[in-house]
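The same subunit A turns up in both complexes below, where it pairs with subunit B and then with subunit C.
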Partner chain A sequence: MNVVDCSGLTKTFGRTTAVNNLSFTLAPNKITGLIGRNGAGKTTLLKMIAGYLLPNAGSIQVFSENPFNNIKVSANMVFVDENMVLPATMNLGEILESAGSFYAHWDHKLAVGLFTYFNLHPGQYHSKLSKGMRSAFNAILGLAARCPLTIFDEPTTGMDAAVRKDFYRALLKDFMQRPRTVILSSHLLNEINDILDDLLLIKDGEKCLHMPIDELKEYAVGLQGKEETVAEMAEKAEVMHWKKLGKDSVYMAVRNQFAEEELQKARLEGVAISPVAADDLCMYLTARNKGGIDDVFDRN
Partner chain B sequence: MMSLTETSILAVAKTQYHYKTKAHAGLFFTLIAVQLLAFLLSLNGVGGSSGGGNQGISYTIKYVTGDVIIIFTLIWAFSIGISMANNGFKTDFTFVSNRLSSHLSSLAFLLTATVIAGVTATLCGLLLRVVMFLSHGGVDAGPAFWIAPTALLSGIFAATLYAALLSIIGYFIGMLTQRHPAFVVLLPGLFFGTLFVEARSTGQARTLINAIEFFSKEGSYALFALKVVIVSAIVFGCVILFFSRMEVRK
Partner chain C sequence: MLLDIDSLKPIYVQIAEWLEMEILNGNIASDEKIYSQNQLADIFNVNPATAAKGLNILADEKLLYKKRGLGMFVSSHARGAIRSKRIERNLKQLVLELVAEAKRLDVGRDDLINMLIAAELQVTEEGSSQ
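The block that comes next holds the complex of A and B.
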């Protein structure tokens, strides 16, 4: 059984289409990274999965049910983002207690452990916390709830590097003890690369790529060499990125569909072949112009 | 895979109710403040006081009633209805919730709050009598001073029902403004607009008066209670019906 099953999902706000004809499925007990640029529709998609928003077209199933207004989906799902609304009149200790009363698998020991580790105090108030501390507290709620579907929408906003690292490690450790389906959205793939099983890349509300992270490493290849040699190879492949390096030298990232002999031949012609890092690949795939920011400066 | 939790709307609503009473405990402080203020205002008498003199004796008549306390309490009840609607969905959907469980837990909270408000408002009125009695030497209080327990209970009963009705109406209005911010302007405009137009053309705000008299002129307690319950149920039913497709945290 798939945990999330979307087909032809579309959501518009006025004239902007936030999510456009998106279809994918998420298998249970995997950590999926939802990657996309700002405004790609990540949050809208996650809010539809959480049952907060209604799609304009298409269907969405979570645990084989429509998530909108669904108590069963809500009981088995937790949605963590920086805008979690918590009562201003309750301190963090009281909120933790209350949160625990909602979830069947709530792990209070873990919650308190993380709480102390991240230097939070039960007497503090959510609205008075710094941005990073608030994100840390929200993340604790998400981890300790131990829901079969755990959604983190940009959970590390405002956290410093050390706290971010700790959070990802805590997520991975807890995931290994209690496997569940996790969706982690971010625009920083390199940070979460190591803990992901799958990657779902979206661009302008549409699906760009959905594959296991291991396959992604072989998806593309970087070629660097003389312009004419590389250009010749470019004709046979899908170019994702093209950059001039010097007077006669270029670098391009292409989809790796070459036969081994072709690559061997290229090597002999002085082309350097390198793997393309996952985050670079995502950046190339979601770029609006092939040349990137350099184009703006190279126009004259 | 982790086993899925099966739950019922009522079980969730109960948890939400406990959560809401904790989160909104502060509203009871405002109730105390509102009633205290009304109490102090009432001490000096309400309405026009009249006086006169005859054969060297002058007198002043002051009307001291607990009405202001009740009215203030009803305004408070209306406002907590609005504030529950404003916070409701956003806060509830942080944890486990659906629309119905959110409404039910809000309703349960509002009913609890209005019972407390009804009791305290009536007792506050009683306190006013005692203070008046003591401050005027405690003599010649007359037979009207004594309130029979049944009368006290019916006072609590009526105050609670009125408060409950108003809080549910407040909740409905709050939900409307959540649906579309234009209602923040539209609803008061409509309310005062009709009041004004009617008052100009007929000299009386008939619609409002009729609406109030529909309840206040009812002689039988049972019928009065029935009227309040039915109207509240209709309003609450509209809430459930109208806002079942409303999106959260858009």
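The block that comes next holds the complex of A and C.
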């Protein structure tokens, strides 16, 4: 049974459409990365899954129920983002102590372990924490709650590189001990790439790609070489991005539909074949024009 | 560590190749238990499903066998099979690229063979000095 099941999901705010006719399902006990540009509709989608917002059209089912105003969904779900509202009169230690009464699977040992590791102090107040420290504390709540559906909406905002790395490793290790459905939104795909099962890429509120992350690596290839040779190869494939390099050389990112022999032949003809990094690929797929930012400058 | 993010190869293929190296080096003998999916996920910091996919490549090629409830073990013929597979796929591929590069640089056959002999000497020396 799927944990999340959306079909034709649409949400508009006034004249802007944040999420547009989105259909997908999330299987249980997988880590899914939700990737998209700023304003692509990631947060709106997550808030509808969490039951914070009501869609304008389409249906959404979480644990086979409508999540809006639903006690079953809120009891089995934790939503971590920058704006988590926590009691202002309680210090961090008190919040941790009382969190157990809200979450059935709360792991206090893990919470305290992470709390100490990330150098937080029980006497501090949530509103007085630095941006990175606050994100770290929110992330600890999200991990230790061990909810069957765990949603992280850009959990690493403000964290430094070391803390981000530690957080993702903590997430992976805890996930192995207690598998659950995790949705992780971020725009730093390279950092989360390895720990994901699936990737959901959205563009302008619509689904762009939803596939196992392993297949993403083979989805596209970068070809660099003489313009005519590369252009000939590109005729048969979908071009996602191109860039002119020097006089007669060109780089193209194309859909990988080549047989190994074709690539081999191209290699011997002097075409450099390279993988397209996952986050570059997502950038190309969500770009509005094939030349990227260069198009703005090449207009004149 | 170990994993090459820039490689064209998917992570699970790289894990499978790393496991093959472990068997080839004799770090894991035949009929010995190989790493579990969670151990691999921990070593490489990857999703356990990715690690499982790497193990399954070897299991599909019958280089590993399953013991119900105990995990995966190295088959007796695994080392030999990996060796001949590597010669067939990797070594021949490397030689092909080597020859192509030599041609691009206009290096003749004799020069190339001399370079190969020199390289072999170097590798032998490094091996003996260790």
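FYI, the second predicted complex is superposed on the first by the 296 of 300 C-alpha atoms of A that agree within 3 Å, B and C clash if a C-alpha of one lies under 4 Å from a C-alpha of the other, contacts with A are read in each partner's own complex, and residues count from 1 in each chain.
Everything below uses one rule, namely that a contact is a pair of C-beta atoms (placed from the backbone, for glycine too) under 8 Å apart; a residue touches a chain by one contact, two chains touch by 3 or more.
Just so it is clear, the model here is predicted, and its values are computed rather than measured.
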Could you classify subunit B and subunit C on subunit A, in the superposed arrangement, as clash or fit? fit
Residues of subunit A touched, compared between subunit B and subunit C (which is higher): B
Please work out whether A:Q257 is in contact with subunit B alone, subunit C alone, both, or neither, and reply first, second, both or neither. neither
Using the superposed model, determine the angle subunit B, subunit A, subunit C defined by their C-alpha centres, to the nearest 10 degrees. 150
Look at A:R180 in the shared chain and tell me whether it touches subunit B only, subunit C only, both, or neither; answer first, second, both or neither. first
Looking at A:T16 after the superposition, I want to know if it touches subunit B, subunit C, both of them or none. Which is it: first, second, both, neither? neither
Which partner does A:S74 reach: the first (subunit B), the second (subunit C), both, or neither? first
Kindly classify A:T25 by the partners it touches after superposition: subunit B alone (first), subunit C alone (second), both, or neither? neither
Across the superposed arrangement, the tightest C-alpha approach of subunit B to subunit C, in Å, is 15
Both subunit B and subunit C contact which residues of subunit A? none
Seen from subunit C, its contact residues with subunit A in the complex are 3, 5-12, 38, 41-42, 44-50, 53, 96-97, 100, 104
Going by the contact rule set out above, which residues of subunit A touch subunit C in the complex? 30-31, 168-169, 172-173, 175-176, 190, 193-197, 213-214, 217-218, 221, 267-268, 270, 273-275, 277
If we count contacts the way the header does, which residues on subunit A are in touch with subunit B in the complex? 1, 3, 28-29, 47, 51-54, 63, 69-72, 74-76, 78, 83-87, 89-90, 94, 98-99, 101-105, 146-148, 178-181
Residue numbers on subunit B that touch subunit A, as the complex places them: 1-9, 12, 15, 18-19, 22-26, 87, 90-91, 93-101, 244-245, 247-250
